[in-house]
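Structures for review follow.
Paired with chain B in one complex and with chain C in the other, chain A is shared by the two complexes that follow.
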Partner chain A sequence: MKLKTATFGVLAASTMLAGAASAQTTLGLWYHGAGNEVESRILNGIIDDFNAAQSDWSVTVESFPQESYNDSVVAAALAGNLPCILDVDGPVMPNWAWAGYMVPLPISEDALAGHLDATIGRWDGQVYSVGLWDAAVSLYARQSTLDELGLRTPTLASPWSGEEFMAALGAAKASGKYDYALDLGMAWTGEWYPYAFSPFLQSFGGDIVDRSTYKSAEGTLNGDAGIAFAEWWQSLFTEGYSPGTSQDPADRDSGFINGKYAFAWNGNWAAAATLDAGVDDVVFLPAPDFGNGSTIGAASWQFGVSSSCSHPEGAAAFVEFALQDKYLAEFSDGIGLIPSTKEAAAMTERYAEGGPLAVYFDLSKEQALVRPVTPGYVVAAKVFEKALADIANGADPADTLDAAVDEIDRDIENNQGYGH
Partner chain B sequence: MALVSAENRGLRLAARYATLTLVALVFMFPLVFMVVSSFKPDQQLLSDTSSLRAFLPVGDISLDNYYAAFRRAPIGLFMLNSVFVTVTTVLLSILLCSLAAFSFVFLEWTGRNVLLTIILATLIIPFETIAVPLLLFVSKLPWLGMEGIAWGWLNTYRVQIIPWIVDALTVFLFVQFFKDLPRELIEAARVEGASWFMIYRKIVMPLSGPVLATAAILKSLKMYNEQYLWPLIVVQDEAHRPVMVGLGYFFQLQIAWGEVMAYLTLISVPVIGFYLLMQRAFISSIASTGVKG
Partner chain C sequence: MAGKLTRSNRAGWLFALPGFSLLFLFIIIPFFFAFWLSLTNQRLVSPNPTEFVGLKNYSELLRLSVLTLEPERDDAGQIVRDANGEIRYPRVRTITRSGDFPEYRGMREWFRWQSGENAKVVVASNVVFMKALTNTLTFALFIVPLQGGGALLLALLINQKLRGINAFRTIYFMPVVISIVVISLLWRFIYDGEDGLLNNILAWLTFGFFEPVDWLGKSDTALGSIIAMSAWQAVGFHMVIWLAGLQTISPTLYEAAAIEGASKWQTFRYVTWPGLRNTAILVLIVITMQAFAIFAQIDVMTNGGPLDSTQTLVFQAVERGYGRQDISGGSTISVILFVMVLMISAVQGILTRERT
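Moving on to the complex of A and B:
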């Protein structure tokens, strides 16, 4: 009798458990971080917590190598095989939204209160994606170098002017101590170019496209400000301040640390490694102001909902769950990126008030300018990258920008204005 | 006089060996660099690139990169996937392409020359131009499996195998080779009453060792080394990823070059092993057909 009762009990319990498990609707999530152990561990932890915390949804993750992630998503969209939750790079989101791969994320504005603006992906007046972190670039320098060269230490409130910046490069070059005064990271290609270098163009007063209409780059990329930027850009290489496109990637990784370069234009993701390498007096300086303010690029990876998703509310529940400060802080401590809220920053080792990288949170908050919010950005970014590489390699600045404008405008026209 | 001649011959021989050794070293340098670098920490690997130390196993040598590479990616799974896809494709390719070539060369049927020309013309079409239509096609195809009919071939081995079984180059290789076989053998077999399939199986294929080796090596290199774009767009789950897509796991913001080299060394082992196994047949076939990979 006891055995029968026990057997019945076990059966009933397992049936209930199975019932509970099957009640959860599975939501697929695609992520760009395959191969990144720390990132995968943290994301899997959030997913496990989410799946255990409620009974409606069960998220499963599939990770992809970052370099091919976008191609995989586009191919899957063509084949009608998208998951429910998509990871999307901030500047790419408008293209995927416009192409119909993504739909608005049904998340309340309250849930987004206090988050860095650039971590919220808006398109066409609606929220499409939200990020757990942002990234920022800054000018790496050693305080000892600044002191030695007699340079003022620029601050967020008072960045170097363009003249001061060039004088600093000139002083570093004249000292004869460095292979080059400035490492721009020319060995990196792809999105690094528009992300890292278009803020210089914007500070000159130009832009990749005209943001007031998003229908042309004419006069914006190749106007007087654009040409002034391009000539300045070329002078960095012709006058020997920076290594060009043939820069050895190894030097990009370790040149500043090894003292080959006086200054480096680099992201916050490399800051911890620089500190760990023993550059104790490294300072992270704001971008120089060439007349129209000091700005840096913004918007990193974010979560959104695919158009194939039958349960956007489930996707939104997961994103909202993942936005908890403890997870933002965990990601920041794990992979070094900037948490998207002040509260989360205070919980981190590096971005808390007084932390070695705290300046980045302020840089992101004060100076971040998202890349052009248009579906055409994915093409314009590649055109911009090529133009900058060509100019660095000696092409005529004005002609190159004119050709770039033609190509960007042609693409916008071919796509009927991308819905603008 | 004879002494001078022998001396000259010796000098010529020495010069030839020196040249060949130099050429061999030039070709071996990348492989040596890859293997040697796989045992060095990143900092040393990068600093050694500016000297000959890059090719020498000196300094801080360890297996750390291999341990880290195995932690970063399921290397065994990727290699197993690639080997399975490659071996299956090569075997089916040899069977079907040789049958097609046999038909083109030995059987009389209307339109065979036109069809062969059309097949060979596909050599000039880059795969990238048909990738998207092919993706749309395979994503809608049915498949009859153990669980009944399923729609769509994405995230399977078959989608990585079937579209690559028949290709113009392999058909061409077999056609060229079969054309040079003595016709008398075939005719004698026909007179004796042998069926076409028996001729294919008992006479033609046993004589086709060199072309089989060439076709197998070229196809396997293509399947193992060059399969990137197609699996990238048709395989979204890790369980079916091949080694070339797996390489992307190692290209993070800060690239761990030592791990990249360790991964490349590991995934090169099957290819180099296969080549060493088949090299004699491969070289003789290359010499006779003039085809290069």
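Moving on to the complex of A and C:
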């Protein structure tokens, strides 16, 4: 008798709970930022605001460490357990869209007006994902170094040419004051290589794949421009301008700040730390122009809808809500990213007009070129990374690029052209 | 024999059931699964249906050819030599990438040798796999004597009745208990090319004459460094096995040897070593199998680099399957590895079989 009452009580309680929740449909959200307290706090703030602001949807978040996020999504997709709203790295999005993990995001174009191009993930003519921020890379230098070595300060309008850049490295090396002239960040394996270094290749006139067809890399990666790039790339290491693949990660983080390196090729996310560490005459210079323009990579983490979501409109409502300038600004202030809109940038401490990092907003706006928009990018990026590491370690540039082309082409063929 | 296994042995089978079913579920089924996948074009992420492709994955990994390169000649028919007097040959890519030789398409130089005026070049369709194969074999070849011999030496050392001997046993066994990932990270610092512990010690021992070496960053020292570190890491485990073997040898045998006036070496050669026969076989087979599975050290310390000098089969299987999203390619490597280990274990089994 006693047991029965208890059972009834539980039943009644659970029905009531279900009743209370049924007013709002629950939408799951997966996020890559587990372990970052500030990031989680801001995201949770947005979700709480969203859940309180309307009565249709209730978003619940689950965070993963960034290193295992993509694996988790792939595993969940194979098991049919995807959440409704997915967080996706920009260059990976076409792969997931092609694989059927994601569906187009039903968001109005008005909501995207004024956003940086690279923060909007398009595939097959449709918007699949939208980011609250972008990231950008620049050449770190101290103004005092430039003055001492008698170097012209490059600007967005007139960046250094390839020769000027090499002359700058030569001058820094000849001064004898630095362990290495340039820190490329070789210690950061993974996506950093294609993200940070493929713009150099593009500036030489090559690319990872032929973007007009996305069917092959032949002649694009291993053409004359590609080989010129690879020989230049190798010279950075044979001439002793840059530490190689065995660079100590700690040196990557603090080498420029400690004056071990004259120049560093690094992202906006490290800029605040550099300023805070007391390098107050640091300048963020645009990439050198090797003949085909000065360019940098673009597209960071973005939100999209998974294919197992039965309410894409709810997901779109959340994304639209999160795109408010105040949230973009909050993320930017919190974790140092470049806000997606001019208005949001104006609300931040660092990216506002005249702010110490305002130059990054302009870099993203003027020079950003997204990585190849193809489902095959995920594999091509790995191949490119290995090719760059091998060439840096002394492999023959042309042969290595040939091998990379063969591998990329074989992969495209094995995937029946990736739907292009 | 068969009757003995099945007759009135229900309890025995029942006890074996949990172990067998786990083995079946996690070892045997996945193996057949991998074998099947290696015959298809299964991808990790793909909307395309899986197709049966036969042995294509195997030929893509294993295809080899030998090219003969004739020296470049100038207009007078003289062989062109470079500044060092070396004969100049046309580049391999003029053959592998030209439309005239479609059979060599996608192949790449693995190694070459000189034959008279000509150069013979071995081209492979997957040079990285070939390097992974040779590296894994090299690794196994060095690790077996290093680890097995080192462990035996330690076992002999600690098989004594001394005060505090347990402290030594614990110290030698410690690396086995610590996660291999942690150990690999620590050794990355030890091997650091600029201010690593190893370079510092060597510089101190040689009064500063030693030039720091970038142990993991150079293709001729990277694999050796990993071999040394791996031998050190697992030596304690095999030491314990040797120790167990040593302690099964009856003390009366040693007493008899002492009475006969046997020297230390003779005692080891004619009493200890024969008594360790079965232990030796176990240690040999276990080390060989573990050597072929080397992965974590590579993943943490070198990622297969520099210049593929530390690629290994398991690392390639994971890299292909997950990194390059090519599950069928990764499965193919696993199957090849399985066949290799099976063959080597069988040969070891035959060679070490007790002759009656």
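Here is the rule we go by: the second predicted complex is superposed on the first by the 399 of 420 C-alpha atoms of A that agree within 3 Å, B and C clash if a C-alpha of one lies under 4 Å from a C-alpha of the other, contacts with A are read in each partner's own complex, and residues count from 1 in each chain.
Following the convention adopted for this analysis, contacts are C-beta pairs under 8 Å (C-beta built on N, C-alpha and C of every residue); 3 or more make two chains touch, one makes a residue touch a chain.
This structure is a prediction, so every number in the text was calculated from the model and none was measured.
J.: Thinking of the overlay built on chain A, is A:G114 touched by chain B (first), by chain C (second), by both, or by neither?
T.: So A:G114 meets neither chain B nor chain C here.
J.: Kindly classify A:T189 by the partners it touches after superposition: chain B alone (first), chain C alone (second), both, or neither?
T.: Second partner only, chain C.
J.: A:G219 in the overlay: touching chain B, chain C, both, or neither? Say first, second, both or neither.
T.: Neither partner.
J.: Quick one: is A:G45 in contact with chain B, with chain C, with both, or with neither? Answer first, second, both or neither.
T.: neither
J.: Answer with first, second, both or neither: which of chain B and chain C does A:W30 touch in the superposed model?
T.: first
J.: For A:G291, is the partner it touches chain B (first), chain C (second), both, or none of the two (neither)?
T.: neither
J.: What is the contact status of A:E67 with respect to chain B (first) and chain C (second): first, second, both, or neither?
T.: First partner only, chain B.
J.: So, does A:N415 touch the first partner chain B, the second partner chain C, both, or neither?
T.: second
J.: Can you pull the chain A residues that chain B and chain C both touch?
T.: Common interface on chain A, chain B vs chain C: 71, 248.
J.: Once bound in the complex, which stretches of chain C touch chain A?
T.: Checking each residue of chain C against chain A gives 41, 43-48, 60, 91-93, 96-97, 106, 108-109, 127, 192-194, 214, 216-217, 219, 303, 305-308, 322-326.
J.: Under the touch definition given earlier, write down the residues of chain A that touch chain B in their complex.
T.: Touching chain B: residues 30, 34-37, 62-68, 71-72, 75-76, 78-81, 248-250, 253-254, 267, 269-270, 273 of chain A.
J.: Mind pulling up the chain B residues that touch chain A in the complex?
T.: My answer: residues 42-43, 46-47, 49, 71-73, 132, 135-136, 139, 152, 154, 232-234, 236-238, 245-255.
J.: For the complex, give me every residue of chain A touching chain C.
T.: It is residues 71, 74, 77, 95-96, 98-101, 189, 244-246, 248, 378-379, 382-383, 389-390, 393-395, 398-399, 402-403, 406, 410-411, 414-416, 419 of chain A that touch chain C.
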